[in-house]
Amino acid sequence: MNLVPVAIAGATGYSGEELIRLLMRHPEIELVCVTSRGNAGARLGEVFPKFEGEKYAGLNFSASETEAIAASGAKIAFLALPHGAAAPFAQALLAAGVRVIDLSADFRLKDAEVYREYYGHEHPAPELLEKSVYGIPELYRAELRTALLTASAGCYPTSVIVPLHPLLKRGLIDPASIVVASMSGVSGAGRNVAAEYLYAECNENARPYGVPKHRHVAEIEQELSVAAGERVMINFTPHLIPVTRGILSTTFAMPRAGVAPEAINEALEAAYGEETFIRLRGEKETVELKNVAYTNFLDIAWRHDPRTGRLILMSAEDNLVKGAAGQAVQNMNVMCGWAEATGL
Amino acid sequence: MNLVPVAIAGATGYSGEELIRLLMRHPEIELVCVTSRGNAGARLGEVFPKFEGEKYAGLNFSASETEAIAASGAKIAFLALPHGAAAPFAQALLAAGVRVIDLSADFRLKDAEVYREYYGHEHPAPELLEKSVYGIPELYRAELRTALLTASAGCYPTSVIVPLHPLLKRGLIDPASIVVASMSGVSGAGRNVAAEYLYAECNENARPYGVPKHRHVAEIEQELSVAAGERVMINFTPHLIPVTRGILSTTFAMPRAGVAPEAINEALEAAYGEETFIRLRGEKETVELKNVAYTNFLDIAWRHDPRTGRLILMSAEDNLVKGAAGQAVQNMNVMCGWAEATGL
Amino acid sequence: MNLVPVAIAGATGYSGEELIRLLMRHPEIELVCVTSRGNAGARLGEVFPKFEGEKYAGLNFSASETEAIAASGAKIAFLALPHGAAAPFAQALLAAGVRVIDLSADFRLKDAEVYREYYGHEHPAPELLEKSVYGIPELYRAELRTALLTASAGCYPTSVIVPLHPLLKRGLIDPASIVVASMSGVSGAGRNVAAEYLYAECNENARPYGVPKHRHVAEIEQELSVAAGERVMINFTPHLIPVTRGILSTTFAMPRAGVAPEAINEALEAAYGEETFIRLRGEKETVELKNVAYTNFLDIAWRHDPRTGRLILMSAEDNLVKGAAGQAVQNMNVMCGWAEATGL
Amino acid sequence: MNLVPVAIAGATGYSGEELIRLLMRHPEIELVCVTSRGNAGARLGEVFPKFEGEKYAGLNFSASETEAIAASGAKIAFLALPHGAAAPFAQALLAAGVRVIDLSADFRLKDAEVYREYYGHEHPAPELLEKSVYGIPELYRAELRTALLTASAGCYPTSVIVPLHPLLKRGLIDPASIVVASMSGVSGAGRNVAAEYLYAECNENARPYGVPKHRHVAEIEQELSVAAGERVMINFTPHLIPVTRGILSTTFAMPRAGVAPEAINEALEAAYGEETFIRLRGEKETVELKNVAYTNFLDIAWRHDPRTGRLILMSAEDNLVKGAAGQAVQNMNVMCGWAEATGL
């Protein structure tokens, strides 16, 4: 069997670490290169004692340079780099013929203006924006098959876009009525050594943040607007809660006049009923972080409130799997024509 | 100094336990009676090893009977009993001349019909409903001064009603636009020995529940309707998160046409700027559970989103203090004419 | 490929749940039967929403009766039943020609007298005690190959016995000097619906328990005595700490006179240097629960204190994997002649 | 009433924060000065939003200079500074006539040689070592009454020294047999912004550290040696566990030949039976972090194991209260002749 050589740039963040965990068990690839600014030269098993004794423990970290990745023979590179740092990597790697799956936000926004508005600086590689494919396989499977540059969707956007997409596409809900409250585990902040993410600050605590204009709003609205065929603006309030892994999103929206609750069911079933990684929990079950932890599932439940008329959508995923590394692997599987659940 | 004799009925639940903790340090009262169905006869310090060595450790639990409370000479009785069990206690104690502060939901709803709708059975003491005062001192201080029966408001309602009340009263927001996502610590479920509240089920987990019609909606809507002067119906979605203590509520509402953001500030400042236990965090600061843990504070912050026009209100409190035992003590302080922060 | 049909009796406890998770990915077996007293008739995916969409989600629980297991055609049965309940299952299944891997304590003690001392009643199937093999593959691999009844070792004993075994066998440490402090996650108590295991009781808490004579002492001493060739008695103090998964054991022992620290290294390396699931972390690294979570690894580090002369052994494992379900699967792999890491 | 003016140097660490919380309610003092290197000029309520609305919220932080403290008129200064930084403060403040209660390790060791061995540099103020009093009131109450410089004992040492002290003093246990396993909450590491203390690294984790020669061993052995009247060397292994607050220590020791278990009881009762903050839990009860959280209690339980002959001592305290700020306040109360529980 010919294994496809794969690289991870920036493999020491939480997304990179989770990519390693998943790729260790992936039967179609061989991990040939991991890079790190701070750990170049070190063995993977040394940097991550938990991977000692596992398949790639003996691999040495390269410095985070595109030359190292290209020289490794990698055909696919995952970029688990900070926002802004990924773009130049993508440029160089694409030029070297390496397909790129970017886990940062660099290529998720199609409009360089919006990027500047939300990220505060010019987009570093605007010429690539239109070539990139937004990496949610359930929405862009066809485009992903031949994508050279995939902007793998992140944790909050996946949890919010997926449930709303088919409802907006069918015109079942009023786009102006959407309000989202999300809760994220602390690993969502990355291995970010800041006082606010210390154990003694996060434990027995919870707080909203990024109100009212969190960066991910741009990405969420972009995809919801595509679905709706019109400009959608929402309220999205994220909260930090004391779990390591997981995103829970509760979305409120008003169905358009005359839309029966059954139409919601039908739209979700039609869109996702056959999907491997979307579990529709319907109108009686709930969603819980513990049901999706360490899996690539996105669970969705919903309720119609006859009193107010509103629809409540509830979704849960593991922010490091379906919200990051797992989705990236799922994207790779689609890009390479492998069964979508391979290694997941 | 003449200490007022006080009793707690049902002192072994989490609210009762927290009442004991607070009353130990209250300079105006003497705890003369604690009751418990399961621990009658036992020493308080034995049932709660954490209170051993403290002021009331030597007190013995009585059986949970109104006779025991009346015989103790108590002038005020806190009822920390399950919903439904409190009403007959209130009847008997009031008849015996004891003022009652009920921490259950039994007397919070003014309408026996609504009670039946949400609780599934006839109200056990409907004649007392109109005599009871809803126990949020910041809203009902005058009525509380002479109240014989106080229905001390609970954790979710306090966190939702307080921020919205002055805005609805002034007609600043559209009552039909209110959507609330709340997060509660697990002590909010009480010392309820059920599989779903086991450590290994709640840790590293989070989930919505009681969607779309949680019991507390009735109580919240009742008070919001009073404030608005019209029937208000909202969406309220509670979530269980893995902390022991704390309630965080994020509320979305649409200001009425022509309402300037400054009017929100003014309304909140006018209503609560002088309150001891309401901390207005304004439009720049945030609220966090850690800032209110083990205190009687309710923190409120807010933001106006110019993109969607919505107002986002964020509130935090300790569910066992301002959301239960602390508010009950604050109610007592008002009822007895003591400084409102006494013992808090 | 001929898959071996496998059953799990008592599949709704935490060990059973973890067995399902592991067996879903095991390439040599087919899960044909899961039993449950409380959930007979229910679909596996319904009882465990987290397994919905996975391989065996459609399997229906049978009542917990040996007939159901035998009728399923299972050739191997895992017993994830409470202590005491497993023995009659083992008797009946062995009689029906089914190989048994028991995760309870029923067959771990070789001496029915010791069983009575620690469990307070007569052993229910003493005739099977000498036929059972103690299920730590690293110590009893040869015997396990042909075992009909394997008493899969539990969480505390595995973490304590494995590091000490080679040192006692070589006579390097004084058996009378052994003192162990262990910390366990709350899932170690099983899905035990008792007040002491509620979230609000375990969170922000830690406590020793079972002092000085925890049940597992009997099993630990039995195996240490075999290793030492003499009667070993130890002090073992377990503690409950607020994590869901994991066992951490810190063991103190005095080397015999004249034993050089290098001899400790040599003994551990000779015993476990080639083992797949034992990771020797040596004298510089440490052990942490996070390195073994969701894996079948047992990590061991050690230090010699030249000041007191004592040896400190530190070991970590996931109590549900190497301490329960993972070890049971590893035992099965040995019993069936498969590669020992299959499915792990 | 004449309030004693008090200062806190280094008031933004966890011990300083806890001191503020306790001193807010202390009836005999007035907090007149808080210092901080990083927050000079800022309001206390701004730096600690949780203290907004409390007594000293309006106090402004001074730069951390001794002149500021002396100029504030403070008669007592708490030093909540890093190890090494406290000594020069103590020198200057004592020279200015301010009594000093140091929460760092700078003056806990009486021997400058031992200090150099454990801290790697010369002691910065060796002339003060013999003047300082070791700050555990239960052991040094008489000396504390007139102390000018109190080296308030820290969290691990308090939890280990207090239970062992009377047993060593009476010669009941063999000093060479002492082995301690301790568990600490993460606040014990201070507000130390390092990757290892991030929430996602500490949650669902536990690990030993500082093995075999943690810095606090020097201090523990010093006090145990004083008690025993001979040089005592112990094994002490601390572990980090995922709680914010709390220290749990389990100590194993061998009684000397002929010592009856009752003698242990007697010694502990004689030493601590009348102490306000030591709760003797005896041979049947246990100790738990939840019983001491947010209190100044140190709980001690013990067991004799007739099988091995060993004594097991278990102790629990809140590391930020009895292990830091609470003990410092208790020391102040003794130094000032106030009731020892004032403000605690």
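Residue numbering begins at 1 within each chain, and the chains themselves are lettered A, B, C and D in the order written.
The rule is short, and it goes like this: contacts are C-beta pairs under 8 Å (C-beta built on N, C-alpha and C of every residue); 3 or more make two chains touch, one makes a residue touch a chain.
What you see is a predicted model, and the numbers here were worked out from it, not measured in a lab.
Greatest Cα centroid separation from chain B: this falls to C. Interface comparison, B-D versus B-C: the higher number of contacting C-beta pairs is recorded for B-C. With centres defined as mean CA coordinates, chain D is found 46 Å away from chain A. Note on chain placement: the centre of chain B and the centre of chain D lie 37 Å apart, centres being C-alpha means. Note on chain placement: the centre of chain B and the centre of chain C lie 46 Å apart, centres being C-alpha means.
Annotation for chain A: residues touching 2 or more other chains are 201, 203-204, 242-244, 288, 290, 293.
Interface of chain A with chain C (complex): residues 49-50, 52-53, 203-204, 276-277, 279, 281, 285, 288, 290-295, 297, 299. Of all residues in chain B, only 176, 179, 181, 183, 201, 204-209, 211-213, 233-235, 237, 239, 241-246, 248, 250, 252, 286-290, 293, 303-305, 307-308, 310, 312, 314, 316 touch chain A in the complex they form.
Residue ranges of chain A in contact with chain D, taken from their complex: 14, 185-187, 191-195, 197-204, 242-244.
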